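Letters A, B, C and D name the chains as they come in the text, with residue numbers starting at 1 for each one.
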């Protein structure tokens, strides 16, 4: 490592830690020295497992007591001071390139890999020896990801940590568990807290979502018991659901699950920020479909009732283009409802997500067609890096689903109206098309969509 | 990859697979093509998890049906055809070295890591999705290690697999389990089968080892339930054990464990060849000591009664040096017992492990001192790469133990007499010295030994 | 059985069932005939276990669909038509009395027992073969107990059922379980529903009662999993609790359980009406004390904070006697607070449980002494059949506790003010006195009480 | 109780206990007094549960240390000194008979029941509070049953204990468990020890009986975990098994259970002598059939391959009648094989169970027909109290099975040849006939048998 760099980084760390320490009332230099000393002990792994455990616990404790600036400094020390030796890499690389094409290539490759190995991961994995160590690392990565936006020098550390978490959270290690009303209250409390799509308002609401016509499944890791990694809520119905408030109505009678032919995935929540990039969502859906098919052989249709979280945000940036798609008929009806042209301030407010129109049935009727057209366009055409702009669309379409149907006034909560004019979409998982869809989506970005939706987008 | 190399390797694979196929009665070329096609599908991960699972299961099935030559070919395809791109590495390396010392170093390091990533591990980890997938990979690595001796080109693949298994079998993921007479018979059967130190002769022998004055502990991995990774057998006694046959006597009455002050670890067996290099032995001992201390607060002494597997083999190569250490007294006694000098054929046979002397008490008495001297010298002085030559000594001394006592006629089984003249050693784990011992052993190779043993070695 | 009686009972049954059936829209005679036929099939146990199970399930179904009058009729059929044969009993009894004093006495006793055996219990125990069968019988007994008040002819059936339930619910079969925030939500929901002393207002209230300074234990029967039979809530504190609202304050910080020296049993609820007379309350307390002592060795004092449910009811009937105990000082203070003499309507309302005084601090202060005197007198002197009139007092004193302290304004909920002027009592379980207390309570009705309480009662 | 009787019994107890005590080196009178005092304390249940438990444990300890004579004395004290009061019974009985036919009958019946209640059961059930208490009582009953043969005065105690055990071991409380190679070794060891039909010779033999084409099921009681009450071993085959050595051949390859259409129950063992009369055998078979049908829908036939334990014993007493059934053809073949007439000593030895003939194929062939005729006659015609003489026949026919086929040379073990000339029988459980068979067997003693067997018996 270039000495200049180290001292630069060290002085910065000292500065930051000083700030943190000041706020926490601890002497700066002492704390900084202690952290660095502890990290070096970890990297050297002296004294066997006993000391390792004690050290790891102490270090974790230190980390947790730091404030954000302190943690940032802590992670920078690991990232910048425990990387591999550039000179050793250079040498191993030279030997490797020389060996390419000869029988020695593979041994030389192994040597290059050895040279790339850093002490960072050795430090981090020592936390695995303490109870709750895996959860500690996942949370540490969540911190790291936050800092990463503004501090690209943490990127190498993130890559190494990501690789390790990817190995640990390999789908083969995950356990699919049904969450029911017989699950521990402590777990159900976490489901309430982590639910990210449709807020769970009460234990009664929760119990309704675990009723006889519902299923809830979660993935767990053996080292993070009672910490659901991702979970999905399913309703067993007679047809495609078109309204989420109806689905969540606690007073509605339970359907007869034995007769259901449709399973609606109406909420999927990933819970661990620190596992970003470690994907297990589609594997969860696959396992859930298997389980449902075994228990309910009549099920034919597997689909979602999904939010469109980015719709209004996108519309705000593309309002002119959207308004340009409104047809004569649209304008006629809009005018009758009080929107007299492209420059109407009311229209601007509607497009920006102001939900006032929802209380006005005539206006709502008039907005239906033009807004559904905009929605279809958003889902099928708005892209970034060839992939759908909408994160939920990206997830389901990447898993092989198709855009089956748009539903008007499907989520009339404040959140639903605010983010997507209350529109929701059914993504359909058709077993016969999944493989083809995944492949053409990956290769060409092609999106599978029902004719009706496609027509809307074209207009 | 150099095209020449690939075609060379391919034609070799074709040849080998042809041989295998011939023996299995299958058309060569077809099989080879199928394997390669399957591997490419894996590496590309097309079509989502569903297909991944099916593919992995099919591939595992193919592999298991191959004979050794076929498996070797299979692994060579993965090792040689799915490595990283040397040109891409060269480019990333150049950028990296240019960035060293600048804030871009860490991002460049991440890019270099990305370039090093190969498809091999992606292929291998897909097996984790099938039931028994982890065990499959561990066994595959056992195959790989066998081939590696004669085929260094597999080394890079082994390194990648080793790194992944090290992550998966991190001690934090292992579960310590007590093995008792209430354990499943299927598990106990495996204990019988895997016991590597003192053969378990019958279920009665096994039951005795699980009696009230005994403990047996094993490490398990959550994805390999009922497959013990390593296990240790412990006897709770009043003093240091000096004879293993006495320990294993099924008819001896059980000691009163509540009053025991000494725990003797008399057998430690690692079971998975494929996990060579993934060490968890010392962590096992630590956890076991914790558990024993909690259950039996009177325990003061934790020690082993260990075999010395390499002693006779070493003595065969160093017989002259050994004989040179025999003193006047020794020769007097030996002469009286029929060994009349350094050239005695009987002496040669004794040193080579022929157990005939054990039936002759006078001879046994005469051999005691000279052979114990040789043993002490072997344990304290015979080294390779600064570490003890004896693998069991290497393990315990590396964990911080000390050589406490040598025991004459401690294992009079054919195996015991043949590998170490019936001598066994107690390694002592003294909590107050473990950390120091580990450090000085790692730093300087210093071996902690009791004065008596040290004196023997000096003579 | 006297034929007249049967036909009388039958015609009554027909009448009742007719009524029930009418309401349920079923033909009367048919239903009655079917029930009787089913019962006879049960009593004869024809056709092996298969048919037994089917029959029992059908019969249970029939029973559950009946309304109260129908169930009463159903139980009357069993009680009156399936009893033992008086003539057979007479004969066996004659032989028995003749044998008394001879070696044949014991065989004759066995014969008499055989003659007493009725078909009723055979019918009832067949329900045990169906899932939920035990719960079914417990609920059936709850029905039976309700009908018994007005229909003494059911008494013999109740005795037989009671004897069987007593055998089944023998304390040896009960499992003590800790109820925690990790218990299944379905179980916690039942705790909420069954809590009979201090209503659980919300899941937050419940979580507080399962916090780190609390314990909750329940007894379960292996055939009624997740149906708590009786449960107790415990607080771990530094001294005797004197106010239940303070105990239940969700916003109070958790005490440090490790340092607690006092365990307060502040709520005990039995849940199954059908198990009346099958007592396991004191066994529960004993097991809980054992468990607490193991986990918290510092605990010295085990006591309750108990309601006095019958106080106001008793006071209403004895108001004159109570008022007569008021002393000069009492009257002085009462007068100042607006109660000017024995005839004061306000005083009458106070004694009758009207809680208006609680909002008036001066009045509350004035009422303190006279009402505590009345409370002490109630607890120590009000009896029925030599046992304390108050059911909670009867329970704890019968288990060997002593009346330790009365607490003024200890339960200021509407219920607490209404039933016992807000007074609560600590019953103390002193291990050194329990056995003596039980014996003298059973033999002589003597109640152990602290000097302070005794003094109050005497005044 | 007649005073004379008590003192008689007491002095006998003193005598017996004196004898026991002498052998155990304890003072007689003291021990006797202590037992009696302990029993009285139990009967009075003084001092609450705490003391109960301590007392019960002490009493159990006392009992277990006594020898047979001492235990007999112990049980006699309970039987004779803690019975009901004859005078109280007489009074209650008079009131009862007076009330018969009036509405007071049922209350009077309840009073009579109360008068019959004795202290014996109170004493015995206190053992249920100690760990292993249920097992203690079951073993105590086994003792009681042994003494009962010669001491009818224990009968009343046995009846009360039997009634209580019947309540506790109600089939509704039993848990059906599959015993597999994954079951605890401690349990499997008990299976080996309790197997009463075909001895399990080794762990290999046991493993074979738990193989993929086998099933083993056991009933457990929640309070006697790991103590199988009764178990059955099942083989899944293609047709009716006709030879038990073939079934138990460890080297035979496993059949394909998925394709099996026949389940053969080849061994049923009840393990607890103390539960004699508490029947759960037929319920076990029913539950096992349910479980097998769910797992193997192809199964059509459920049958046994059963021993005929009483055949040779019966033949010894009826040899003349048997020989009389031999026909002309039979004698011709027998003469050729060395049995020249009814008086042949060899024939006498054969009938008496001497297995020498089994090694002589010609003789074996000649004996086949006549001995099978005798067997058929034994199974269908030999009765006691209208029920089959053979205990295994009584069990299966009472459960609704039919005698399907006799198998010659089906059990050539020494035991098999000695008890039934090596003949075994298949009892068939035909779901369509079970109910009818049970009823006609119970009502008229009719035995269902296949035409072939019926024909044999007729000859």
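For the reader, a short list of remarks on this structure follows.
What we mean here is this: contacts are C-beta pairs under 8 Å (C-beta built on N, C-alpha and C of every residue); 3 or more make two chains touch, one makes a residue touch a chain.
Since the model is a prediction, treat every value here as computed from it, not as a measurement.
Counting hops only between chains that touch, subunit B reaches subunit D in a minimum of 1. Under the contact definition stated at the top, no chain borders both subunit A and subunit C.
One simple way to say how far apart two chains are is to compare their mean CA positions; for subunit B and subunit C this gives 64 Å. Centre-to-centre separation of subunit A and subunit B, using mean CA positions: 41 Å. Shared contact sites, meaning residues of subunit B that touch two or more other chains, are absent.
Applying the touch definition to every pair of chains gives A-B, A-C, B-D, C-D.
Residue ranges of subunit D in contact with subunit B, taken from their complex: 181-189, 203, 207, 226.
Subunit A meets subunit B in the complex at residues 1-2, 4-5, 46-51, 79-80, 83-84, 86, 89-90, 93, 96-97, 100-103, 105-107, 109-110, 112-114, 116, 125, 128-130, 133-134, 152-160, 163-164, 167-168, 170-173, 222-223, 282-283, 286, 399-400, 434-435, 438-439, 442.
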